[in-house]
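Paired with subunit B in one complex and with subunit C in the other, subunit A is shared by the two complexes that follow.
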Partner chain A sequence: MIGLNLANALTLSLVLVLIGAFGMLRRRSLILVLLSIEIMLNGANLALISFNFFLWGTSETGHYLYMLSIGVAAVEAAVGLAMVIVIFRNTRDVTRDRVSLLGETKAEAEA
Partner chain B sequence: MRDVLFYLLCAVMLGFAVIAVTSRNLFRAVLAFAGVILGTVILFFALGAEMTALAQILVYIGGVMIFVLYAVFLTSGEEVGMPKPSVAKIIFALIVAAIPLSLIAGLALRAGCTFPVAGEALQSPIASLESIGLRLLNPGADGFLVPFELISVLLLAAMVGAIAIATREKEAETADGILTEKQEDAS
Partner chain C sequence: MTVPDILFAISAVAVALLSLCVVLARNPVRSTLLLILSFLPISLVYVLMQASFVAILQVMVYAGAIMMLFTFVIMMINPAPHAGEIPGEEPGAEPSRKSDVLWFALLALLGLVLIVPVRYAAVRMVAQPVTKPDFGGVQSMAQLIFTHPDHNPLTVSFELISILILVGVIAAVNFGRRQAHPTSGSATQANQLKDGNP
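For the complex of A and B:
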């Protein structure tokens, strides 16, 4: 069990996912919460590709699953960051604890 | 030699991942994220997934990372004025992140770890660009045409959605502008 084999690659991807989960819970900036989610998705992608290489052989299924996953990652980044920018525009803040409402700020809602 | 390189790569990737989720400088965190992605790309090449590695560079380095950098620059560059996370919160995050680890490790141990070891691994031939491309556009039983087109619809929807979300304020402004112009015309 030394070197690049399925168990080690899966362990690496699992640890990446856990580091991402840790960051997602610990981070206060919304941008870095999204970045942590990207790290988790990256770990999952690594698991897909290593399964494809070691178990599924010539079927290439992992590559197609990977493409679905990478599409979702790109979409999540695009929409998520657009929302972060809107939140920053409205509240001048992207800190998770301080942003408690979506859309209009309190001042705008009262006006 | 190959094994040593693999472990070295693992250590570098995990180090970058830890920096990415702990650094208080947002810019540094994004660069560390790029390091994680590049490590994954090297692993993908080692796993015979050329096409996937290139797609990873294009989408993550060229797309996601640049987008995150823009978001960092458009907002504030650092987690300014933010109190350091309390020890209790860090411990809580560690516990929540460790629960799935214990579950998955338990499952793996229960399954008897029947992973193929290095010698008996099924070394698949390198997935060629040609076969992947042909199967992505193949409408037959072994093709992936429908997911491929669904992804393009999803990307289009996300693009329209991102533009719609990010320009909402401007639209309101222009609507107000038109309204005032009309009022001026009426008066």
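For the complex of A and C:
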């Protein structure tokens, strides 16, 4: 069975990061890519909290790093979603293949 | 097998399954709601690790604020009344199931390679059990960040986060603003993007 120890907590963290990486690589919708990044951030946060609890019981530095990470995640989500809205306004489409041209036209990119 | 062990096992399995459903779900609204649901077992894991304030932050800030932002954006850009899908994402447009399975196998292999040294190191690290009273509580964390003179770097970096958020707000507002001059550089780029993708 799965007990509450550092090895199992880090395993869960790694599983979350890998699931997030899978979603980030395979989904075509930009919103799903951002959601997958949130899953990966959650895996990293879980590693921070579990290291703090099991190996560093005298102070809450890991909890503090979690708070910094949540601030960065909020900013990343806000800016990323603003970009998604702009892309949707310009192209009526939010799949990531439509924004891979870096300003070139499709013919230029395929040439 | 104690009660925390059982609770951790249940929530770990729940988190992994819910996150997998988030990635595999075809409907983006369903993905977002499943991700919010997956934050509740993670929050339970934090409670088991005596991180009560972090567990509250996870539910209030992450699930309550950030994920609501995602839900609102999906509602905004989801005008197709029948499909429930983001326009342009037809079922056939997704990558094929076969290559999905291939990528999943590749990442699972990577996980197996990584998990062996991680677990090997984790069981050999010197555990330092929690000795601080009120570990993970609000008062304890506030004292850690704001009161002790040795922790001035923590105070400064905490305040720097507010500048980061301010920059993020300015960037988001700037992105969201409609173009005042249609001949400016970014508007031309946007037109090129549109021309390239009829």
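The working rule: the second predicted complex is superposed on the first by the 97 of 111 C-alpha atoms of A that agree within 3 Å, B and C clash if a C-alpha of one lies under 4 Å from a C-alpha of the other, contacts with A are read in each partner's own complex, and residues count from 1 in each chain.
In this text, a contact is a pair of C-beta atoms (placed from the backbone, for glycine too) under 8 Å apart; a residue touches a chain by one contact, two chains touch by 3 or more.
Predicted model, so just to flag it, every value in this text is computed and none were measured.
Trainee: Is the arrangement of subunit B and subunit C around the shared subunit A a clash or a fit after superposition?
Mentor: Clash - subunit B and subunit C, as placed by superposing on subunit A, overlap.
Trainee: By the touch definition at the top of the document, which applies to A:Y66: first (subunit B), second (subunit C), both, or neither?
Mentor: both
Trainee: Touch check for A:S50: first (subunit B), second (subunit C), both, or neither?
Mentor: It touches subunit B and subunit C both.
Trainee: Look at A:V84 in the shared chain and tell me whether it touches subunit B only, subunit C only, both, or neither; answer first, second, both or neither.
Mentor: A:V84: touches subunit B and subunit C.
Trainee: Output the subunit A positions appearing in both contact lists, the one against subunit B and the one against subunit C.
Mentor: Comparing the two interfaces on subunit A, one with subunit B and one with subunit C, the shared residues are 1-10, 12, 14-16, 18-23, 25-29, 31-32, 34-36, 38-39, 42, 46, 49-50, 52-58, 60, 63-64, 66-68, 70-75, 77-79, 81-86, 88, 94-95.
Trainee: Once bound in the complex, which stretches of subunit A touch subunit B?
Mentor: 1-10, 12, 14-23, 25-29, 31-32, 34-36, 38-39, 42, 45-46, 49-50, 52-58, 60, 62-64, 66-68, 70-75, 77-79, 81-86, 88-89, 94-95
Trainee: Give every residue of subunit C touching subunit A within the complex, in rising order.
Mentor: Against subunit A, subunit C makes touches at 1, 4-6, 8-9, 12-13, 15-16, 19-20, 22-23, 28, 31-32, 35, 38-39, 42, 45-46, 48-51, 53-54, 57, 61-62, 65-67, 69-70, 73-74, 76-77, 86-89, 93-95, 100, 103-104, 107-108, 110-111, 114-115, 118-119, 122-123, 125-132, 135-136, 140-141, 144-145, 154, 157-158, 161, 164-165, 167-169, 171-172, 175-176, 189-190, 192-197.
Trainee: Which residues, counting only subunit A, touch subunit C once they are in their complex?
Mentor: Residue positions touching the partner: 1-12, 14-16, 18-23, 25-29, 31-32, 34-36, 38-39, 42, 46, 49-50, 52-61, 63-64, 66-68, 70-79, 81-86, 88, 90-95, 98-99, 101, 103-109.
Trainee: Which residues of subunit B touch subunit A once you look at their complex with the stated criterion?
Mentor: Touch list, subunit B to subunit A: 2-3, 6-7, 10, 13-14, 17-18, 20-22, 26, 29-30, 33, 36-37, 40, 43-44, 46-49, 51-52, 55-56, 59-60, 63-64, 67-68, 70-72, 74-76, 79, 82, 85, 89-90, 92-94, 96-98, 100-101, 104, 113, 115-118, 121-125, 127, 131-132, 135-136, 144, 147-148, 151, 154-155, 157-159, 161-163, 165-166, 168-169.
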